[in-house]
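Following this line, the structures themselves.
Shared between the two complexes below is chain A, which pairs with chain B and chain C, respectively.
Now for the complex of A and B:
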């Protein structure tokens, strides 16, 4: 039988802040985003704030209503990354099979370690507290899902063991929301047919759940019955990139399509540049649009040719946006993600179609721009967003690259392909 | 509540190990570190965590902390 641990750093961001500012531990405190940049939500809170009902993800004003004495602390991302790495280096002393899940959670497969899993868990818990001043909750079990569930059962600073024979007594009475991958929407859907606990789900007929929730339903049914064969993937295997995306919360809500165009163009530029850097191309894109009332829609589409070009990503994003967003409310944030990725070298399409040739030329042009940016910084070449009237009298977007003086010369050396203009400032 | 007091430390770097040799307080006074009795990673009472050197200075035990990212030394003041 496998021995899997799931280790969860308790109130991670808040704990790191309290480590550096011990005076904050006296009362309820929360780490929040920057309200001036409209990131004013609660990112993490300490146990006292939690007891008063403060929730991660809610707006600062909501949290303050529940807890007027709440102390707010700005986030320090670099510290969280640093402490996450330090904790991970402790885990790696026990096994090289460590799979991170965010900054604060990790699975460890300690099946091959000569010590007992419970002893390892206790030792890790003690070391994290004594060496770093943080606390962890660790679930010890025979698969990843049960270990994760275990780490959620007792908090903070605790070790929980779930053996196969404990499932009916320990796991089945828990609410469905405690089950990994069972989100609020699934919980609501299952509540409609009176499935409210993990046990209710486990006792259902698998086929029925599959018909209702599809393939994911069958996965959840297996989890509810304590079945999960997924492996702990070592850190080095995490390198494989599945998607490349960027998103932005705007300083002020967007009210016009032109503003959306500018934002998507900026995002497409970033995403395409990251794709090229990773030597990848994508076969599809996904956009996300969050409106002023925080309602989010996500839509994706396949591309008819692979790309790592800003223009293609941008045009496809705008097409998706126009098809699916109807301006019920102004827009608060936008995201663009390149999905279904391929190594760029695997993707050499030989075609005489104009679109492919055009795509190839853009690709070369943008690679030249990457080189300029690499040498002189991102601001050396920026996009200029203009509008002109096309022959069909529809407004078409025309983007021109603006080259700053010192970068202009280099760009000329890299010789933009025919048909492209370099505009020197 | 204790405060982190950042100080200058003269240290010896040898074979990948760092050992504090003497320290200079903010008022300019200099003290030699007679012995280091223990080195381990630990949180400090005044905030933060780092490598804790338990130093003996004039027969008094003083924990000194070193943050290897920020390259700063401090004691709990």
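Now for the complex of A and C:
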């Protein structure tokens, strides 16, 4: 029998925010998107807010109706990514089979660990709380579906064990919605034939459910009976990357070339840093432009040298854009993709052309920026958008990057809160 | 137009001008060869970049001109049974080609629609030996860039100053320079950039004799004239990279070697390097002052070879793309050359022991 854990960080975004602002823990609070960017929904909430009925995904005004005292906190995505990585590095001490599911959930296959799964789960729970100040709920079971179900049973900061013999007593009385992959539509569909609990589904004839819900129905029926053979699959970075792209739908439609420049510069920054992280360079780029009427054009071009530098990607993107977009309509979204990738050390030929030397210098500079960002967060070094507003001929802007603040001050701002030590691998 | 001529001479002439006949052109007439019979027969090919005009003897019975489709006409002339060829056109531009018992009638086009070659109004010119120019082109053209994003580097920079003619090509990773003294009265300096492709056409036309060719540049065009053949090419506008600015000053290492031996050793080392895989270099390393080790190591296998050399200066250990090295070494006729290095990320230069008739520079690969 396998030993599978499913670990779920409780109120993840809200908990991280409360680490940085302990005063928020006193009353109901929620993390929300930026209303100015048309992203004004609740992303996560703390326990108090949850008790008052605030739900993830509802609009801010809806939440305020239920809970007028609700404190709202803007989201800090990079912090969540970082904490997620810190938690995962704890998991990885127990097994190399860790499969993330979103930022806050992970499956762990600890079958090969000599310790008992329950002991491991308790240790992880304690360590996450003591080392990072966050809490997890862990389900311990013999497959992924039951482990996931277990982690939902007791919250927060708890461990739940589901053994095969517990299924009838522990799992079957639960409503269908507690089952993984059983979404609201399926719940409604099955409710019509009076299947309301997991047990109801498990006791049905498999063929009947299959006829009703198709192939997925059979899977669900198996889950309800505690049968799941799927494996814990760690994300392997070795997977061959064919292209690296980012795109963005803008908060408001773009009407000017200056705005397009800003957007492409931001996208180029992201794409270039992802390329460097993967240790790749590209020989071509592709842009996509979607206008307000949802008409999309995609154009690509070759580069005269391989690159992983923001400036080169950005300039090439603008050139493509100027050649192919004629402003029939305002722009709704833009995308930039690095294509025709090579491993960075496949292109090591030195050149004496200034563009190449320039590229070489930018590459070094941006690698240094990557390091700063890795340590102090993405906002430690930001792009200076004044670069965009300059004339096009001003190709090299030395102040392309602007250090937002002195590194020392940033260290205080973004380092772990007092009292918690970063977990060291 | 009506004429008799020799098939062999006509074929030679066609071969020369067809280098400039356009392929895949929006102007169908450029797909053809212009024939003009007046005082002898002149053939012309022109792709709006380069134009070639070849003049040959012919027995002109009636003057006139016509444009014939290049591919078909070439095939016909190549396969005609007899050396005597008779060509005649009518007022509908039908071209009759007869030789021995064989006769063709092919549809031609009006010569009036054929664009005229630019007239090159040059106020000075350079007269040089054909063989010399031919060699100089051959020994520099390989280092011209083929990258469309840098049109200037797709050319050969022709410089004449102080009685010396210099041809320069640069593709960003290497440099080729060839120099020759010219016996020419005219001392005024000139410099222009000719597309490497046009220069290649020129070198095909030149022969290995002491006959001369006249080079006459204007602002936009240059004319190469051997008397029988005229080649007109558009010049590339702009400033060529000043090659003198990238010449290394003072060498850290110099070694003497035989270029042919070095070439064969590098050729052998590159056998185990997949041509499309740029990851793998050929390594040049000197463990001591008498030995040069040439080695390569790839997924396919490895190779190692030792050469006797005479080294002065620092020992070297440096990686190169072997192709860049081989291209240069293949063009060297000298028995001994000097190969110099500037440390592991600096350029490698290849020069003759005496004089400066050639200079090749190759940049290494980053370790």
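To be clear about the criterion, the second predicted complex is superposed on the first by the 236 of 425 C-alpha atoms of A that agree within 3 Å, B and C clash if a C-alpha of one lies under 4 Å from a C-alpha of the other, contacts with A are read in each partner's own complex, and residues count from 1 in each chain.
By our rule, a residue touches a chain if its C-beta (ideal position, glycine included) is under 8 Å from a C-beta of that chain, and two chains touch if they have at least 3 such contacts.
Remember, predicted model here, so these are calculated numbers, not experimental data.
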Which superposed partner A:82 touches (first chain B, second chain C, both, neither): first
Which superposed partner A:304 touches (first chain B, second chain C, both, neither): second
Touching partner for A:356 - first (chain B), second (chain C), both, neither: second
Which superposed partner A:19 touches (first chain B, second chain C, both, neither): first
Chain B versus chain C as contact partner of A:133, first or second or both or neither: first
Chain A positions touched by chain B in one structure and by chain C in the second: none
Residue ranges of chain B touching chain A (in the complex, touch as defined): 1, 40-43, 45-49, 69
For the chain A and chain C complex, residues of the former touching the latter: 304, 343, 345-353, 356
Contact footprint of chain A on chain C as seen in their complex: 147, 149-150, 172-173, 241, 246, 277-279, 281, 319, 321, 345, 347, 363-367
Complex interface listing, chain A residues touching chain B: 19-23, 82, 86, 130-133
